[in-house]
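Here's the structure, in structure tokens; my notes come after.
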Amino acid sequence: MSFLTLFIIIPALTVIGILLCKKHMQVKWTAVVGMGLQLILAIGLIFLFLAERRSGNMDEILFIQDNVWYQTLNIHFFIGVDGVSVAMIGLTALVVFAGIFASWDIADLPREFFTSLILLASGVFGFFISLDLFTMFLFYELAVIPMYLLIGIWGSGPRHYSAMKLTLMLMGGSALILLGILGLYFNSAPDGGPLTFDLIQISKIQIPVDAQLFFFPLLFVGFGVLGALFPFHTWSPDGHASAPTAVSMLHAGVLMKLGGYGCYRVAVFLLPEAAHQLGWIFLILATIGVIYGALGAVWQKDLKYINAYSSVSHCALVLFAILIFNETAMNGAIMQMISHGIMTALFFALIGMIYGRTHTRYINEMGGLMKVMPFLAVAYVIAGLASLGLPGFSGFVAEMTIFVGAFQKIGTFYRVATIIAASSIVVTAVYILRVVGILLLGKITNPEYETITDAKWYDKISVVALIFGITLIGLAPLWLSDMITGGLGPIMQKLLAVAPILN
Amino acid sequence: MTTNQLMFAIFSAVIIVFSILTVTSRRILRAATFLLFVLVATGGMYFLLRFNFLAAIQLTLYAGGIVVLIIFSILLTSHISEKMEAPGWKKIIPALIAVLAGAVITISTILQYPFPQQVMADSERTDIRMIARSLISTEKYGYALPFEVISILLLAAMVGAIILAKKRKD
Amino acid sequence: MFEGVPLTWFLITGTIMFFIGIYGFLVRKNLITILMSTELILNSVNINFVAFNKILYPDHLEGMFFTIFIIAVAAAEASVAIAIIINIYRRLVNIDVEKMNEMKY
Amino acid sequence: MIDFSYTALILLIPLVIFVLSGLFGNRFKPLVSGIIGTAGLFVIWVLSLVTAYQYFFLTEKAADGTFQELLAVNIRWLTFSDKLHIDMGVLLDPISIMMLLVVTTVSFMVHIYSIGYMHGEKGFMRFFSFLSLFSFSMLGLVVATNIFQMYIFWELVGVSSYLLIGFYYTRDSAVAASKKAFIVTRFADLGFLVGILILSYTTGTFDFITLTGDESPAFTSGQGIWFMGLSTMTWSMIFVFIGGAGKSAMFPLHIWLPDAMEGPTPVSALIHAATMVVAGVYLVARLFPIYTTTAPVALDVVMYVGAFSSVFAAIIACTQYDIKRVLAYSTMSQIGMMMFALGVSGDGGHEGLGFMASMFHLFTHAFFKSLLFLAAGAIIHAVHTNVMNEMGGLRKYLPITHATFLIACLSISGIPPLSGFFSKDEILAAGYEKSLLLYWVEMIVSGLTAFYMFRLYYSIFWGKATQYHHTPHEAPKTMTVTLIILAVITLLAGFIPFSHFVSSDRIPFAAHLDLSIALPAVLVGLTGFFVATLFYRKETTIPGQIFNFLGGFSRAAYHKFYIDEFYLFVTKKIIFNYISRPIAWFDRHIVDGAMNGLSYVTNEASFRIRRFQSGQLQQYALVFVSGAIFLTLFFLYLWTH
């Protein structure tokens, strides 16, 4: 029995606790306690993991637990972590924790809201710790489905449309993933042994190249939909715009990472030959996505749309980096996921808080907010600077790792793609500063805003926790980078076996 | 032409002719009457094949019970004098095509299939005692279980029919 | 021993009757006439059963028993069907099958 | 061997001050945060003086007489791959120490000055915490041990500049200017980044010592033709120079600098005159061995861009009325000269005169230009306007400011024996050896410089005495003290035997004053001075006539040659309207439309299909029967196997 199981048990207990609560306050505090524990657990996991590695335990996967739960199809509850998943778990715990505080103001049906939210979170945790493809898929669905309720019930604007669109597109992705996973399953025993969903075991065998070529696009696109792969990203602007604050945070911060993580852990890891042969197609799409998302954000007027497009750009950078297939870029991809996760969660939290005060998300209707809510405004500037890749914040570390890594890859095609992707940092600066300029600086345009109050204590907790995350990584990235690099060994081995890369 | 053949021809002709009339007549009570003829003629077929008991059931249950039931329900639901409107060609033509095609296929199949000649001698005339024994026997060729099942079905049908037809209080 | 009439003849009669029943089922509007068509179909099957029994396996009685059961089922069916028809009539004052399309879409 | 690891404090102190005042600033009284910041800067200043003393006088030189490159501190910060990693550290060599001195001195002065200048401003402590942030970033840039550390601090310098330009955030023009500054330099930084990527890929290292050492991989790899007839290394250096040009406001990336004058004047003095804007020069100087050895074409680019910018900016400076803008264009012009000097320089010994001259000019320019800005600040402080037409006759009211301003003007005009004379003379000497044409161009620039500086000087301090709302009075002590100190430095800095400390190959050499160069330079400077005296000493109509005589040209110069308008057109009209907006439209209507179309088709199909579910029992039966018949047919006849 590995203590990783706690990552699923704690949310489950929290959900039960919430359902037993009667008052609003009790519900909130139960959620805080549960997710606080989860955060502590995640931090503990990071320390334990690092200690374990330092003590020389170089196993590919640590803290393994393996139980069979459906013998007929050989489905296991197989969990364990490597450096990459530890990092992702840390991210999730932080964002969920901040998300709870960011939705402190929720008035309608708080019990149901927090239940769905934590259910979603437990799906994400489960996804990151599981190593059995089927279990993984199960958790993936568990994470995606509450989203429909969360947006459909607590959302704003054309929420039913957005919720439906988001759910349908993600379900479309899931269908592809399911196909892909079944494909892997049925090819998992070329010597005629028992079929398996075990990710590690599948990674050790050679899947026929024909099958790889068929299943790689399915898996990559399937996960790519969630990872906002161009042109399957359109659920993102609508979905984010309609979703309530905490849901946007979780969705952009964590759920979109499931896509990137899936592409990395399932599509590329298990199907390296196909990845090598077909990667360029998706690389082009990702490069387009990077610059396209950034340029798309320049013109938007709705804060959430701006951030949604910015997410498209940043997440496309993740996919871009994964498809470069070298260690540095791959490392950058994981760091970018974490960095973008925290950053965008911060953004959405702030947007939610600003919206809660001004009741509009159109930047042209606001102005001069720095004066009335300095805390939120400064936090927004920090988030913006982090987003445009300022050194000292996590975004810089991740982006630079990606660009340096990508540029090491031989071939003019990759070089050009890298330079195009890198040029997004300029565009990012443009739209971030545009928003900061219009929204926060200048004079107060609307006299009603003179009386707006600054952040409350719970807002501050949420914001400070996230800012702490980005600056911690931004100032001292080495431990994270090393931890992730340690987890990249197996995938790099597989990729190098396919095509030796000079690096 | 043997007696059997003659009788068969008569019954067969009656069945076919009155069947057609049953499904084409525009007066519903007449249709019911034609159905009665068909059922009686079917009973005749059973006699022809020496299933006397069966024929008796056919006459009492079908010709007696069901047709009466039908006629009652007609009287309850329709105006007898009224002619039903003829079905439109849109309905008739596809139905005819399907039906004719089906009939042709089936009949041609039947004609092509080499049925074996009579393989064994006829047993005694089936008597009631034998039927009764079979119905409650649990041995081979015993029908205790279907018998019980059909009894339950009949009970259920009875209950169902009563409940359905009962006038609601509301 | 039954002689003179080949099995095929019975089967053909049954087939024709069956398809006439089907035709009635497909084109008639009145629910009761549809019920009558159903009776035709059942009877045609009965004829087949009985003919098979008598001509091919005269020492057995399966065909006959099947027929008995079918008659029993038919009776049950008729009674329930008529109950339903009467019920429908009470509600809609009409038993035209084309007007009963509540279940569409 | 002296242990220099204490130099890490030079970076840490301002960082700590920034963090503390950023987090707890509102707990202090405003003045306290100012004093803490200033005290911190004082400590750093002393530290860098000590460092300079120890480095130049107490540390042994290498066997061949070069100053050593010392890695005082170097800590692994981020690992990319086995070879590539970013370290954070302190690199000590002559130019970094020279820059340390410049930055800490000017920054220290500006801190003192600001206590007076910003007194009573809202956001006083915010101002000081940003200043600390800037000092930290600039010092980090200066002592960077590797090109990536430099890039990191380069970005940080950019952002602190952004924050300080936009200090008066309720003023729209300031917000726009800060945004412009950041985005333009960011664009240039992209070039820098690409340059770094190419460089690191070809050489496999970020490290300055490795890159510029005698066995640098940059000298051997990446020499092949890569693109448009130039080698990889040349391209990488050109890209790096784009970054430098952006920060140093070289044409055509200069447009942010004049607007950056929206920031508080001390900021203009510190960032946009003395330190940050010369980062580009410093960057080229850092990689100078690569430029001279393997990328002479890139060096030519540096030369031409520098020369053009210097003359371009000088012409515009003659037509501006906002005193800070005049100074801004003057800065651009002087930096152009520094770039030019680097561009004409060769490597080693006397060949490397240009390098030395560039650094020397950087050094002296930092002091007299910050002096000019601070004096301008004192003037603005006194009369509450930036426009020189609204001033005049101020010499009576502001004697100290007047004196110091005059010293700075004489220095920048290259009048001996002020510091500007020496450094400018070296630049011209270096230029003379390389290209006669450019030498004369720089000569003209030198004359123009004297002209517009004295135009400024006369318009402010002479001419008719304007009626002011309230009598202007001299600035508080904290401000005048700094003016005097800087004036003293300006007076004396020229006598530093600069070539004994800074040279391209780090071997000291003796540079001599070449009279054949110095004399014409002084004459040209004096000419400019006299012309300005003639025009502006008393109010005359001559300038107006000349302005009209030159017609379109002068109007174009007044409008800064419409570069701003051009950029605005490109960004607003083309990028915003013709790229971004169509993309947004495309996304909504084509990409999203495709997705919605898919759902529409599905929906429509299901609406069509549901017609089959008509509720007509007999239709169902017909379909069923037909199906049964068809299957029978199929299995009996068609499916013969």
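Labels for the chains are A, B, C and D, by order of writing; each one numbers its residues from 1.
Please note the rule applied: contacts are C-beta pairs under 8 Å (C-beta built on N, C-alpha and C of every residue); 3 or more make two chains touch, one makes a residue touch a chain.
Predicted, not measured: the structure shown is a model, and the values here were computed from it.
S.K.: Just to be sure I understand: going only through chains that touch, what's the smallest number of steps from chain A to chain B?
M.R.: Minimal hop count between chain A and chain B: 2.
S.K.: Taking each chain's centre as the mean of its C-alpha atoms, give the chain farthest from chain A.
M.R.: B
S.K.: Tell me which has more C-beta contacts between its two chains, C-D or B-C.
M.R.: B-C
S.K.: Distance between chain C and chain D based on Cα centroids, please, to the nearest Å.
M.R.: Whole-Å distance between the two chain centres: 97.
S.K.: How many angstrom between the C-alpha centroids of chain C and chain A?
M.R.: It comes to 65 Å between the two C-alpha centres.
S.K.: Please work out the Cα centroid separation of chain B and chain C, and write it as a whole number of Å.
M.R.: Each chain reduced to its C-alpha mean, chain B and chain C end up 5 Å apart.
S.K.: Can you give the whole-Å distance between the Cα centres of chain A and chain D?
M.R.: The answer is 36 Å.
S.K.: Could you list the positions in chain C whose residues touch two or more of the other chains?
M.R.: 22, 26-27
S.K.: Note the residues in chain B that touch 2 or more other chains, in rising order.
M.R.: Chain B, residues with two or more chain partners: 91, 94-95, 98-99, 102, 106.
S.K.: Residues touching two or more other chains, restricted to chain D: which are they?
M.R.: 618, 622, 625
S.K.: Chain touch graph shape: choose line, ring, star, complete or other and state it.
M.R.: Graph shape, chains as nodes and touching pairs as edges: none of the named types, so other.
S.K.: Please list, in label order, each pair of chains that touches.
M.R.: A-D, B-C, B-D, C-D
S.K.: So in the complex, the part of chain D that touches chain A is made up of which residues?
M.R.: Within the complex, chain D touches chain A at residues 76-81, 84, 86, 148, 151-153, 155-156, 159, 162, 166, 169-172, 175-176, 178-179, 182-183, 186-187, 189-190, 193-194, 197-198, 200-201, 575-576, 579-581, 583-584, 587, 591-592, 594-596, 599.
S.K.: In the complex formed with chain D, which residues of chain A make contact?
M.R.: Within the complex, chain A touches chain D at residues 165, 168-169, 230-235, 237-238, 292, 295-296, 298-300, 309, 327-328, 331, 368, 370-371, 385, 388-392, 396-397, 400-401, 403-405, 407-408, 418-419, 422-423, 425-426, 429-430, 433-434, 437, 440-443, 477-478, 481-482, 485, 503.
S.K.: Which of the residues in chain D come into contact with chain B in the complex?
M.R.: 618, 622, 625-626, 628-629, 632-633, 636
S.K.: Flag every residue of chain D that touches chain C in the complex, lowest number first.
M.R.: Within the complex, chain D touches chain C at residues 610, 613-618, 621-622, 625.
S.K.: Help me check something: in the complex, which residues belonging to chain C touch chain B?
M.R.: 1-13, 15-24, 26-30, 32-33, 35-37, 39-40, 43, 46-47, 50-51, 54-62, 64-65, 67-69, 71-80, 82-87, 89-90, 95
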